[in-house]
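Data first, discussion second: the structure below is written as structure tokens.
Order of writing sets the labels: A, B, C and D. Residues in every chain begin at 1.
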Amino acid sequence: MSENNWKTGITKVKPNELRLKGYRVDELMGNVSFGQVVYLALKGELPSENVGKIINAIFVSSIDHGVTPPSALAAMTVASTGAPLNAAVASGILAISRFHGGAIEDCMGVLLQTNEKHEFRKISIEQAATEIVDEYKQTGRRISGFGHRIHTQDPRTVKLFQLVEDLKIGGNFIKVAQTVESALTKQTGKKLPINVDGAIAAVLCELDFSPKLANAFFMIARVPGLVAHIYEEQTRQKPMRVIEPKNYEYDGPIDRSL
Amino acid sequence: MSENNWKTGITKVKPNELRLKGYRVDELMGNVSFGQVVYLALKGELPSENVGKIINAIFVSSIDHGVTPPSALAAMTVASTGAPLNAAVASGILAISRFHGGAIEDCMGVLLQTNEKHEFRKISIEQAATEIVDEYKQTGRRISGFGHRIHTQDPRTVKLFQLVEDLKIGGNFIKVAQTVESALTKQTGKKLPINVDGAIAAVLCELDFSPKLANAFFMIARVPGLVAHIYEEQTRQKPMRVIEPKNYEYDGPIDRSL
Amino acid sequence: MSENNWKTGITKVKPNELRLKGYRVDELMGNVSFGQVVYLALKGELPSENVGKIINAIFVSSIDHGVTPPSALAAMTVASTGAPLNAAVASGILAISRFHGGAIEDCMGVLLQTNEKHEFRKISIEQAATEIVDEYKQTGRRISGFGHRIHTQDPRTVKLFQLVEDLKIGGNFIKVAQTVESALTKQTGKKLPINVDGAIAAVLCELDFSPKLANAFFMIARVPGLVAHIYEEQTRQKPMRVIEPKNYEYDGPIDRSL
Amino acid sequence: MSENNWKTGITKVKPNELRLKGYRVDELMGNVSFGQVVYLALKGELPSENVGKIINAIFVSSIDHGVTPPSALAAMTVASTGAPLNAAVASGILAISRFHGGAIEDCMGVLLQTNEKHEFRKISIEQAATEIVDEYKQTGRRISGFGHRIHTQDPRTVKLFQLVEDLKIGGNFIKVAQTVESALTKQTGKKLPINVDGAIAAVLCELDFSPKLANAFFMIARVPGLVAHIYEEQTRQKPMRVIEPKNYEYDGPIDRSL
């Protein structure tokens, strides 16, 4: 058995020196944003400050969605049994799966396929989008990232697209997403607006992330929200209570603005 | 069974309106940092920009520590079986426990007890620290947050304390931590410098977080690092390989500076 | 770094030969019961057939308790997001914690302490039990394993104790448990009958298992039940449904007997 | 919102009465084997005693395979951080995935397809098996359940097939599996004997279980083995040790027979 039989390209650890993708971690601290460092860890290069800002905005957009998502319910349920914080977080993470969070990855696939048709076959985005929504319909697949159980116009989508413009991130995939939205409206006769998952998908395509990493952005964003729900369960509720997912009311701070 | 039989104070969800602790999430996006929003989610109020910066610095400090921590090994091991990303992350999260990450919570306890002695009994921090390290020794407990297997002078500690000063966060608990360090040196006759866990503990005490939330900061910070290792396992390695935790070498980007 | 720097005493793997605690696994197959092999794995020796039968009875007793325990809810919640079977099982396992399943371990502690008082101080079991329930009351701790939200006379307790007698397992800890039950009744003025957790605790004490392994018996028993709920969720329900833990009804096979 | 808006067909809970698929749990205890009750929970009917015996034999066959499988390593790694038993078990469960344990499900697919070809197209099993191995080769897929890293003649396969014969379970799918083995030998020119996963697959096909439940059998079987490794880690090893998956030796009981 030889020494050093496998390789890793992420972090180099030496006594009193810790480097992530070549950069000293202590140099990164305070000088670049968390969003930039996450990008660095996953893609190997430090992005511009503006790219860091859009990633931070993605994290903020998805930090929490109340007590009804399965990730929050799974985390609270485990917390109610007296489990430690990390076990409850892990349970929440296990619920961030195909139908919860998974829409980002699925939607990235749709947007990438649409753009590929457009680029390689030199057809308009409109035509490419129409073909894609038809193909999905014919094969009985649902196009993820459009429509929402609760929000008809997701304010997070509006803001994320505005930030992409303000920060000059490049909006090709925003256009692709909006064109798919139009094609869906034409096909179905009803409005299925881009939801926050679809909006994040468009931004992650723009930033050239692999769809296989899409779920990571949702998980990184949501862990603090899960922690908040777990801590609330631990400090406000009795162990082993029956958690009824509809019979609750909000009693937190009243509406306010920055 | 009555309606609305339990309460939550974190997030309010209405059609086209999502509010975290009273603030519209779309208003938070792009306007405040991820660190500020995590603080908001966990403590209920938006902190200053500087507090957000120190929290971001904590996240950056702990984003990864290479392939040897148990959280990375557990995550990679699960990834090597073909499990999905979130399952591998959950496994890593389950390893962030008493002896890995847990030092932050334990150290916060030490610092809070020391400060309490100092304030309530009106004795000097030096005397309080000496008493605490003696009490721990007598009861056979280890004081966490000091000393490191690899780093004799953790560069992340130095930087974090520098940022606390630069950002005017208030340094009472930094002083407490440094005084405990001195007391430990006197007691043991050897240098046990504050490590990154101890440094984070001091900052979280300063920000008045409950020790019960300490582990959350480590988890939020480390999820991106876990994702990076999982993705590397999925894309560079064969399934079911034997992961030998010592026989690896780093082949990532060479040393570089901002 | 030397070869073979750690040891394991459980399973020996050679080409075409697999031995658990010294016995060929293929020889164990078909010749001894699962309960006996679990005992072998955890304690290192093959127990009598009757001990195997009582362990099997423990597993059967705790295989399921419907859809309301947190382990079932956590597992179903994760399953509803499209997660794979093992992720949903893992989530259920994470809910088998201090307040759900944990009663077995806690109760074993009570029974062992009572018996120790009885044996070492040569006082009657009655006196020892009275002292223990008083000590718990004075320190504000609850005695686990007695009383049940739903069952006033748990039929599983009755049967398990009957089997202990029929199989001649030895009933010292059954007597201890029954004496603690009496002491609790005297102290509180109400009937707090031994529940299935308390009954299992008594049997595991009798079999000389460490309380640290108590939870293992509950987990081994409950995994099939979790699988049944997950599979039902996957095959009968729509993804992402809201699981209301009270608003269900049973529509399985009607009451029947062996 | 109406009452009772969903249904479950597994367990009925009434005060002092607990029924699994219609049978009183206390009546099942001591009267039927754990294997029979698992079958009852998953398929809704009590099987014969012999079917219970073959299921018990499956559980015994897969209870453990030493310290090198990823499930054992993930569980031990998490245990080494001071995590509770159930968190370490959950981590091990998360490693029972596509490439570890998943072979049973994949192999069931192969056997069911082969048998379907044989029955519906009225061709011989030999011809059906030859077509299947050819189809898999042409589409670049691996046929799971044949060959083993360590065992050239898996003793557990031999014993399981012997038990199927002795217990008169019905051997159609054993024959299918053996015919696929022959076809693979012809195709590849090398011996790829049915391994324990393939053998279990054949038995589960014979018992008419859905392939979607295959992994459940492996998990139920392996939880006790995981517990044994976790408990060994907790009681024999120091926290946070580096677990080198090759450098260990077995120091348990010496070879012995029933």
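The rule is simple: a residue touches a chain if its C-beta (ideal position, glycine included) is under 8 Å from a C-beta of that chain, and two chains touch if they have at least 3 such contacts.
As the structure is a computational prediction, the values presented were derived from the model and not from experiment.
Participant: By that same contact rule, can you tell me which chains touch chain C and chain D alike?
Facilitator: Chains touching both chain C and chain D: A, B.
Participant: Computing the C-alpha centre of each chain, which chain sits at the greatest distance from chain C?
Facilitator: Most distant chain from chain C: A.
Participant: Is the number of contacting C-beta pairs greater for B-C or for A-B?
Facilitator: Result: the pair with more contacts is A-B.
Participant: Taking each chain's centre as its mean C-alpha position, how far apart are chain A and chain C in Å?
Facilitator: Spacing between the chain centres: roughly 40 Å.
Participant: Quick one: report the Å distance separating chain B from chain C, using the average Cα coordinate of each chain.
Facilitator: Roughly 35 Å, centre to centre.
Participant: Between chain A and chain B, what's the gap in Å when you average each chain's C-alpha atoms?
Facilitator: Centre separation, chain A to chain B: 23 Å.
Participant: Touching two or more other chains, which residues of chain D qualify?
Facilitator: 1, 68, 83-84, 86-87, 90-91, 94, 96-97, 243-244, 246
Participant: Taking the touch rule as given, give the residues of chain D at its contact with chain C in the complex, in rising order.
Facilitator: 1-35, 37-38, 41-42, 44, 46, 53, 56-57, 59-61, 63-68, 84-87, 89-91, 93-94, 96-97, 101, 150-156, 158-160, 162-163, 166, 212-213, 215-216, 219-220, 223-225, 227-229, 231-232, 234, 236-237, 241, 243-244, 247-258
Participant: For chain A, which residues are in contact with chain D within the complex?
Facilitator: Touching chain D from chain A are residues 1, 83-84, 86-87, 90, 246.
Participant: In the complex, go through chain B and note every residue touching chain D.
Facilitator: Where chain B meets chain D, its residues are 68, 70-71, 73-74, 77-78, 80-83, 87-88, 90-91, 94-100, 102, 239-240, 242-246.
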